[in-house]
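Labels run A, B, C and D following the written order; every chain starts at residue 1.
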Amino acid sequence: MIDELIYAAATLMIWSALYRDNPLFKIGQNLIVGLYLGMTITSGLDVLYRKAWTPLFIEGKFLSLITVGTIIGILIFARLIKGKEWIARYPIAVLTAIGGSVAVSGAMGTQILGQLQMPPLTSIDNILMVVGVFTSMTYFLFSVRTQNPIFKLSTQIGKIFLMVALGCMLGLEFMTNVSLPIGALPHLVTGPGVYVTIPALIILVAAIIYDSRK
Amino acid sequence: MSDKYSEAAGTFPRADRIIWLIFFIVAALPIMFPIGLPLDITEVTRDYYATIEDIPEAGVVLYSFDSGMGAFAEMGPADIGTITHLTSVMKENNVKVIFVTTAGPEGQVALNVILTQYVDMSGLVYGEDYLNLGLIPGYESTLAALAEDLHKIAPTDVEGTRLTDIPWIANVRGAEDYDIFVFSTATSPDPYPRQWAQYDKPILAVAQAATASWIRPYHEAGMITAYLPGQRGGAEYEVLLGAPGLGSSYMDAQSLTHVYAIVLILVVNIQWYLKRKGDET
Amino acid sequence: MSIFKKKEMIQLAFIIPLLFLLLTYYTGAMKGIRSDILSWGPLIVTFTYFLGLATVFKHNILKIQKKERDWQYLPLLFIGFFAVLISKYTSQPSYDWLINKLLLPMQIAMLGYVGIYFFTMYFRGARTRNWAATVVLGSAIFTMFGNAPIGPGIHPVFAQIFMWIKDVPNTAGMRGLLIGMGTGIILTVVRKVMGQERALISGEAENV
Amino acid sequence: MLLLLAAFIYYNVKETEKGNVPKIRTMPTIEAISEVVGRAAEMGSSVHYSTGGGGLTDQYAAMTISALEIMGEVAKVCGEMGVEFRYTCNKAELVPIAQDLVKTGYIQAGNDAMYHDAMVVYVGEQQRALMAECLSYMLNERPAGNMMFGAGFWETEVIMGAGAVIGAMQIGGTPRLYHTPTFIMTCSHALIGEELYVAGALVGKADRDLGAIKGVDWFKFICLGLIGLSAVLSTVGSTLFQYILSL
């Protein structure tokens, strides 16, 4: 019951800025940053405890590669020391190397070669598919600088396919976006949350009347 | 005055505020008074259901739970549906589930909310039936490591128990020992098939509706077995499970706001077109 | 120490792990060491969390000192932070309450802004100003109408149109984009290996 | 395959270093820069520029660099036409670089008297602050041109949407798939996907990058061939292609 009321109050506190910037919203905004930061740091401490402290100090595996990783990680704090910022570029370099190698080794199979497999040209849909992939790839050929009409036509058709794909994405994106505020609404208009929403609406109406009088 | 953003008062143009007000009314009404529009179940959702049903006896599921807190309304219904279904196969077929979060701390929060408030976990024992490895940041490199060598990347679970002390997981080393991969993500779906598709195991995806079109090519190429697109997928899954819940309650509001948006687009474009014509003459 | 400050040394710190990981990936050799190096990733990322903490603290303490606009609200940030930190190690239920019952709804509401902004700014701005935009908008309207339950509720043909758009032209276009993105990733890494990051970055390194 | 691609890139970069700079197809978006700035000059208004939320130390660095290179060009054109330029960012590390780039642009155009440091506005690290600042600038100052390149996040919708509402002429683009539709909807010319990298290299006269792009193009030609091969093979019912891939 009380949790529901707080839920509704917290939501309305954040949304109150839709009408006008106000102290309630600023309180909420700063609380979010603080709580979020706290959550991140406690999770981070937890990870360090499990992944570095336990193996190194409880199990005593000093002579392992985990020690090296931890030291590289600690080097990142060099960014905070004046004149020694360059040291922090080492952990960043190692991190991008790990991320890069992992992404590259996966991308070849799934994102490039896997997508080249075409269905048999037995139905209109399949033919469209082949044409679509082919032409939309020609759109991304940059070093061809020709007035060849066939090539131009191909890039134009490819662009149509790209646009339809992006439009489809936009339509679906709308569903995602609108689901975000909708998700909070049931807590406002049903259940105990109503007892918070109604006073808020009254305040809103009062504010509108007050503003229009000015 | 009507279309100025005033920094001092922090107010938006009046037209925008009216559009928002209509939006809230349009979305709130069907939540208060449900219409209950029928919902088609798409083929992909049925595939998803069947894939979970087909997990072999005593199979192991790796569930990378990376949807965030803010997108809870979008991802929650589909995640709840998936976990509810998993609990039923856990009870029937002795399936084991390993939860893990790789993208950031938010995933663990959403997972805990779901496990404690939305899914009935009674009859299942933590550590025996399911396990939470907690947050292992690193995203794509963690995903790769989870598939290659589980015990190296996660020596302990979230409570600090050593994995080697848990009998059923001691033999689970890497991708060849999992029977199915599940992931839920509120951002780009690319890294998951990139790291896991090479092992030829079924991959299930819980994704935002927005990324459904993005996942399509992977689905077409057989890398992702099936996916649930956001709230809509969650609602469909609830129908399949026979327990309408969170997702279904949002669907009417979704319908009306979609119509509202289309009307808005058309009105704005007609207005713009007329104005441009007026400018030319 | 100054030899480590050279750009080439940092370049090596990038290339050696990269090549090692790629080689072990394709040959399957030295699996143990490979897993260990992969697990460095999470460790380094965790340390960046703490770096972020330091940056936020520095920034906000400075703001309070300078008494910038709205500085009165900033202490709340620190109160929130320490409340979470202390409750985590003293009482788990109050930590759960802070996160699940207070932060969660506020986060949902905050992200809700995206949906609300999207609604007006975007749709007021979405115009058929050229043929590409017209195609995008048309495709988007059909998708929206077919995806929400109301479209198929009026006539099933809307759902069929949507499914066709999603399955055929969308998949074709997306495949083209995915291949492009895949080559883009590889291009970025190869360029980095060849030391081709432009002067912009190396210049920046000296005076961060 | 990976080695092949790397070899292509390497070969073409070396070729460019010898002086054989490849010719890249022209991009309407880049040509539109002078059009946008010209319109701003006619109306006596300003041009707004943003690089989105991407920084230089994250994985979006490549996008941000390309965007900054385009910004240098825009600043130069602005200097030539005597138009006020404004850049809003939320990453502290970008401020000195941006100031330097804009200043160089104005100096190259021979109009250094017009440059002042307030052309680059830093709003703090938060995304919402960036949104609010851009919004208030757009709605109150009404720039005639609005450009946004780089790694766009949710601020994209707000910045580009606000620009469209006030009727600014807009160009922009991002390789981040999620926000690409926004640019197409609200811009008169938009860059899709990797076009941003190419545009950055083109504007920045980074010849080696152009070489790398040509190398990738060679690889893409092979991909196109493979698409054709795959379609033919699967039509005649052969699994040869799968076999080739599994090699």
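Worth a mention:
In this text, contacts are C-beta pairs under 8 Å (C-beta built on N, C-alpha and C of every residue); 3 or more make two chains touch, one makes a residue touch a chain.
The shown structure was predicted, so the numbers you read here are calculated from the model rather than taken from an experiment.
Here A-B and A-C were compared by C-beta pairs in contact; the pair with more is A-C. For subunit A, the chain with the farthest CA centroid is D.
Centre-to-centre separation between subunit A and subunit B, using Cα means, comes to 13 Å.
Rounded to whole angstrom units, the spacing between the C-alpha centres of subunit A and subunit C is 4. Put simply, the C-alpha centre of subunit A and that of subunit D have 20 angstrom between them.
The mean-CA centres of subunit B and subunit D are about 31 angstrom from one another, to the nearest whole unit.
Counting partners per residue, subunit B has 20, 23, 70-73, 109, 136-137, 139, 141, 144, 190, 209-214, 217, 232, 254, 258, 261 as the residues that reach two or more other chains.
In subunit A, the residues that reach two or more other chains under the touch definition are 18, 29, 33, 39-40, 43-44, 47, 51, 96, 98-99, 102-104, 107-108, 110-112, 114-117, 130, 133, 137, 139-140, 162-163, 165-170, 172-175, 177-184. Shared interface positions of subunit C, defined as residues touching 2 or more other chains, are 22, 36, 38-39, 41-42, 45-46, 49, 56, 99, 103, 107-108, 110-111, 113-114, 116, 118-121, 124, 126-127, 132, 136-137, 140-141, 144, 147-148, 166-167, 170-171, 174-175, 177-181, 183, 186, 188, 208. Every residue of subunit C that touches subunit A in the complex is listed here, in rising order: 4-5, 10-11, 13-18, 21-22, 25-26, 33, 36-54, 56, 70, 73-74, 76-85, 88, 95, 98-99, 101-103, 105-116, 118-119, 132, 135-144, 147-148, 164-183, 185-186, 188-189, 192, 205-206, 208.
Subunit C contributes residues 22, 55-56, 59, 113-114, 117-118, 120-122, 124-127, 129-130, 132-133, 136-137, 140, 177, 179-181, 183-184, 186-188, 190-191, 194, 196, 198, 200-201, 203-204, 207-208 to its touches with subunit D in the complex. Those residues of subunit D that touch subunit A in the complex are listed here as 1-2, 22-26, 57, 59, 126, 128, 177-178, 180-182, 184-185, 192-195, 198, 210, 213-214, 217, 220-221, 223-224, 226-228, 230-232, 234-235, 237, 241-242, 245. Subunit B makes touch with subunit D in their complex at residues 3-7, 13, 188, 210-211, 214.
Of all residues in subunit A, only 3, 6-7, 10-11, 13-15, 18, 23, 26-44, 47-48, 51-52, 64-66, 68-70, 72-74, 76-77, 79-80, 85-87, 89-91, 93-105, 107-108, 110-112, 115-116, 125, 128-133, 135-137, 139-140, 158-172, 174-175, 177-184, 187 touch subunit C in the complex they form.
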